[in-house]
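Each of the next two complexes has chain A plus one other chain: chain B in the first, chain C in the second.
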Partner chain A sequence: MHNNTTYSPKAFDIKKITSTKSFSAFTAALLAIFLGIVFGFIVMFAASPANAASGFLMLLSGGFRRLGDVFYFATPILMTGLAVGFAFKMGLFNIGASGQYTMGMYFALYVGFMWDMPDSIHWVACVIAGMIGGMLWGFIPGIFKALLNVNEVITSIMFNYIGMYLVDMLIQGNGTMYVATKTRTAYLPASAQIPSLGIKNSNVNVSIYIAIVLAIILQIVLRKTIFGYELQATGYNRHASTYAGMNGKKNIIVTMMIAGAAAGLGGAFAILAPSTIAGSSMTYEPINIIAANGFNGIAVALLGNSSPIGIIFSAIFISHIQRGGTLASLYGYKPEIIDIVIAVIIYFSAFSMLMNAALARFIKKRRKHESDNPDANRESTSDAEVNTVSGPDSEVSTPDSDVITPDSEATTPDSDVSTPVSDASGDSVQNDTKEGE
Partner chain B sequence: MEDYIIEMLNITKEFPGIVANDNITLRLKRGEIHALLGENGAGKSTLMSVLFGLYQAEKGEIRKNGQTVNIKNPNDANALGIGMVHQHFKLVENFTVLENIILGVEPCKFGFLQKKKAREKVMELSEQYGLKVNPDDVIEKITVGMQQRVEILKMLFRDNEILIFDEPTAVLTPQEIDELMDIMRGFAKEGKSILFITHKLNEIMAVADRCTVLWKGKCIGTVNIKDTTKEELSRMMVGRDVNFSVDKEEAKPGDVVLSVRNLTVPSRTHKKNAVNNVSFDVRAGEIVCIAGIDGNGQTELVSAITGLEKASGGTITLCGKDITKANIRTRSKTGMSHIPEDRQKHGLILDYTLEQNLVLQRYWEPEFQNHGFIKREPIRAYADKLIGQYDVRSGQGPETIVRSMSGGNQQKAIIAREIDKKHELLVAVQPTRGLDVGAIEYIHKQIVADRDAGKGILLVSLELDEVMNVSDRILVMYEGEIVGELDPDKTDVQELGLYMSGAKRNLAKENEHAQ
Partner chain C sequence: METVYYLIQNTLPVAIPLLLVALGGMFSERSGIVNIALEGIMLFGAFFGCLFVYIVQDTALNAQVILLLAMVVAAVAGLVYSLLLSFAAVNMKADQTITGTSLNLLIPAAILLISKMYFMSDGITTKKSFYLREIPGLSKIPVLGDLFFKNTYITVYIGIVIFIISTIVFYKTRIGLRLRACGEHPHAADSVGINVHLMRYIGVSISGVLGGIGGFFYSVGVMDGNVNGHTGVAGFGFLALAVMIFGQWEPVRILLASTFFAFMRTIAYSVALIPFLNTLNISNTYYKMLPYAVTTIVLAFTSKHSRAPKAEGIPYDKSQR
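For the complex of A and B:
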């Protein structure tokens, strides 16, 4: 019969590539992005027809003018994206990336302020501390899920709040870390900041490399190790993984710890980023707001089809659109409009799974058409429809303003664009961290 | 001219890499029971899905009462009076019977449900056709047989006159099958036309008027049941002669492999124990069959033996080792292989490739992994070996996503994996459920061969033919207890039926002894 002779793993075969699952996920993501952009333009056109074209062009291309910032802002959402996506591969919906991110931030800050260490390893210790903090905050929902079967969505949402209030409380209670008059943390010692990549006027630093390497490592874990085999088996079919004698409880806990560690690293990377101004640093504001980067991670993971490699690209894309958006406000768009446009684009991006199904239907139709025409070339794209992973699309949060805002640049369009907090110094900050003046 | 209510003419339906229906013509007469027979993957379900509007055929036409119709979706089919009972029921589990029946065609007045009217109609139909149901029962609380009645009532409620049954008997007990046959005959008498997908020849001989046989996507022919025999049908279906009895030598039982003592398993649904104080042994080189009507504790017994569920009392010993509290991996390492009852739920990871599934019980062995990293080449080689040896057919060999394989080949993959794995005991639960005679014959051969290789086999089956033909020793379970031990050579189906229904027992209640 038609048995096992058709595969040739090594040969480069465009037909084969176009018919793989990941290729169809990729095309679907592109289609989703394209539709998002179309709708984004409609929103901009509705808001201000005269400026729509130039503003929209800036939205799309603005990121290229600030490539350093694109990568700098991509780093934390890449990590939170990994935190969501990796857990999702096991069928766990880690909505607690925000809490893990905040805990990572706090642990990193704590080591940065309270531990005296040699310059060369201080920032490394801070990063590791951040990882441990996030890991801890992933571990707890993992334990609850594994041993008591408590839904991880509920625990991790609650742990977002617990983490955030706990960190705010701990920071406000620490005289070394907190500057009460400015309602923010003090400047971190330079030794605790991650080495910069030296791009002018940008905070981009080596953590983007670390993040990309970590994504590749996670991809290898998923694809090449028996842990990854077990993890995805559990995600696809929990009953069968039990039947095969896999230790589901252990795997749940380990997966949540890895996810938490990723988010925690995201927090550490964000807060430990070097400042462009000598003598200052990123700061954290304990103002009772849940870190938006955690939720952005969900959008990043969905757009990246939960694949670590996909997440690298989706994080950079979302960061790019956000940078472009802040620049587009130069054309007289209210920051809120820009936020809406970005939200629309990301929202549509999250529909990539739906796009997948639509694409499959389209291809089917075309095939049908081809079969009426015997000469037609009937290659490519057969299993585009197999992707059944679906995420709760509605969960995607709007991209909030950036968590870390260089407020020294408050006059440039790149500064934080959303609701200003009444602040004596005129800083426009909504979120919890900012750079010193 | 014949009075055809439905004609499917020259239907061709292709899927990537396979022609599921190749120029098939099927004509359904008014008021007849027309069986559609074929192996797994022969294209029966595809053809019916085309008729029901789930798939569109590339070529061919469908006529109703001589008029060409275009069926684009199940709603179109419904409008034409075509109804279908799917193999896996499409019911809302936590709705009541009545709510399920009216789902989609709810009688409304100003947006308010008119349940009373619906209830009257349902009760009327249920009276008329002898389909007794309680409209207020919740679906998840009633038996599978009852659920099927609900599915049938759904069709009747929609006034369908062409009824498609997709393997309706696969999930039923022998008694329920008889009832269903009566119901189907009643429908035919009322002038309804029935299309009956199956691969059970006995049922076709019992109830059908005509039968169309498919083989590998092609139509082999349509025959009148009056003029044919079981043997001829099976030859048409499989393309060769099929041996209905299982050839096997006398068993030569050796040492005890599995020993179960006073095993008790609590039930998930009620307060009584699902398995109550059960004791038995399985020896090397014998096939012990647990017979019984579905739901008498067989599933729970197997779950406790294989470790999917916890026992509340008693001991299980495998190869001299107490495994009562051992985890599944330990049991597997000690020498247990398990062909699970539900192959898609437990046996396979449908979105994994065939090769990934073939190492599901062994991926952690040093042969296939090195410090936690998967060794790709040995897995591929092993998969190729099993695929060849067990003739597992698939589109892309070891790289095939298992979801796309036919049920028979999925089961073959499980059997290959479980039999090839090092084991002393093979627990096989309904290993031939839903498979065609060719595959059944093959699987029975494999099980007997495994026995002859000196393994102990614990077979759980609801099929009386299988129980009688394959086993060396029969244990009958009734209400969580083993009520009889029978020798298949010295008993018959009637006697077995008496034990299964609890009318007879030859083993004393151990409970009473103990107390």
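For the complex of A and C:
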């Protein structure tokens, strides 16, 4: 990180925390969320001024009334968010989370209906099957990308459609799984359903814990393993990492498989969730529509800055305001307002880091004018934010900088290691070395 | 022969939206901006086009005149919407994929919201028919008349005219050349006095215009003049991206790729009418998967030497020269 090398190490140092990239990503996300919510209020006000205040309050706080549901709906989008975010770390845009999600759902359903197993392990087998299904659907675009150089955006879009049609056909052709008169799948046996957490009137189940643990594991993989280091290095600069001897092709395939597995788990978690009504279960309707949770995963990943830990929070946040949006319909508001708010948040999050940095620079300048005493640690608060921009492949340097860091700069696996940066000149904004987040 | 006529007549109205939107994507990407927002731009254009049709459908205007006017409305709408992308990508140097995705997320929700509030439905349903049974005179030409001038929409001819104009603009004008330079090496372009930011604005704006028109033509040719927030444009914006890559960012190849894709799709939806395929008795779903599978396979063979614009997706920064 970009701290002064003369810093004495302290256990808790606010300046050290505020100058990390994760922190600036966090404040940037907050800024984007703030702008998005303000926009949502404007829309609500325009739609119906009389109820705007109470509806808006419900939108913000409604989720707290249904905490169980917040976590229940957060689970699948947390997993698809991981699927998108993890691939994003490597510079791959996995827009195919929908297809992987649908495949995972089908595999889980298949094991749930067709395999007879003891009660205690049946649902576990279903979940694993779902993971394999998603992994398979992530593997194919990975292979195409690594070996044949096919743009992964296109293959994964194509495989969204292929997967959706395939699953719908397979389900409709299976007499055990499909109830033709109701155009949906039959009820899953209870043994295949994930154990509930027992919260009244809510489907929330054990899978939220699994999802959070998986996110933490992925974070550790990214930060503490050679594979994670190579993956991020490839994300920053593919050519440089190949030059450094990393096996880019293998890494692409493995990354896409992990991403696919995450999305597949999302599908399995969604379909295997227990129902609050005894004797029923979640069902799937094969009506030729691409799973929306895959695309919600993109929003979750982007808002969480592609960091697995960030994704946990962004999934819960998005699920929270979605619940709030559903409850806001009590005041006559359409739940689509939430989708608009989320879209606006993502739009601003794309450049909120830049706004954030500008804001920080502005505050810093004000402070400088007030005290007129540019001492040694004036650089520490905001400089690190200047060069950060969300997304692995975009890089921005401030116009007035004269030291340019090429993105082939080696990434350090651990952001706790502080990298001494050569001080260019007294006035210039310094460039930070790229680091793993 | 009847079957061939039928297939071609049904392919063209599907191919034209794909062609126009893919051309739009080409203009944007060749200027250096990845335009994932095409899906949203299409839907935005389609919505405003249909809204215009809805407003004027009870007047005495001729259906084809309405279509032309609505096309202009859709083009302007697409242009306005694309400015959101240009602003974020050019001025704010934002990540283009993220911005594009957010613009895609926004529109279906906004359409559902507005439609539910003002039309009590999920979209706009118009009652004007733009269908042309035959073009007087031209439809009498043997073979060609049956292929191209019967059971069609005027959108097909407009689309072809737009294709020719775009190809000329792209290859034979100063703007086209400068635009391509900005997508390959913006610093070099800048060094000879080309305004990279302006060029990128132009590239994205052209894609907005073409995307808006393409979206409205999709509404006309595929959805029979309606627009719906749930189904949207059924992934045509993304398919157009695939077609564009399939067409290697070149107009003529894009034309071939979009026709090919639309033809496969038409076959998939009319298996029952083709005696040969109908006797094979293969599940209809396989045919529906076919366009996507074939596109993937073709890409696998053609992508090894992909000619994507070099500076695509990288925000232009003067100081990095």
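We take it that the second predicted complex is superposed on the first by the 325 of 437 C-alpha atoms of A that agree within 3 Å, B and C clash if a C-alpha of one lies under 4 Å from a C-alpha of the other, contacts with A are read in each partner's own complex, and residues count from 1 in each chain.
Simple rule for what comes next: contacts are C-beta pairs under 8 Å (C-beta built on N, C-alpha and C of every residue); 3 or more make two chains touch, one makes a residue touch a chain.
Since we're looking at a predicted model, the values are computed, not measured.
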{"item": "Touching partner for A:86 - first (chain B), second (chain C), both, neither", "value": "neither"}
{"item": "First (chain B), second (chain C), both or neither touched by A:302", "value": "second"}
{"item": "Partner chain(s) touched by A:110 [first = chain B, second = chain C, both, neither]", "value": "neither"}
{"item": "Residue contacts with chain A in the superposition, chain B compared against chain C", "value": "C"}
{"item": "Touching partner for A:137 - first (chain B), second (chain C), both, neither", "value": "neither"}
{"item": "Touched partner set for A:337, first chain B, second chain C, both or neither", "value": "second"}
{"item": "Contacts of A:317 with chain B and chain C, given as first, second, both or neither", "value": "neither"}
{"item": "First (chain B), second (chain C), both or neither touched by A:41", "value": "neither"}
{"item": "Interface residues of chain A shared between complexes with chain B and chain C", "value": "none"}
{"item": "Parts of chain A lying in touch with chain C, wherever the complex brings them together", "value": "43, 47, 93, 95, 144, 148-151, 153-155, 157-162, 165-166, 168-169, 173, 290, 295, 298-299, 302, 334, 336-340, 342-347, 349-351, 354-355, 389-391, 393-401, 404"}
{"item": "Residue ranges of chain C in contact with chain A within the complex", "value": "36, 84, 88, 92-99, 101-103, 105-106, 108-110, 112-113, 116-117, 229, 235, 238-239, 241-242, 245-246, 283, 285-286, 288-289, 292-293, 295-296, 299-301, 303-304, 306, 308, 313-315, 317-320"}
{"item": "Contact set on chain B toward chain A in their complex", "value": "14, 16-17, 56, 58, 306-308, 327-332, 338, 340, 345-352, 356, 360-361, 363-364, 369, 372-374, 384, 387, 393-399, 401, 403-404"}
{"item": "Of all residues in chain A, those that touch chain B in their complex", "value": "1-7, 224-227, 229, 232-233, 236-237, 239-247, 368, 371-372, 382-383, 386, 388"}
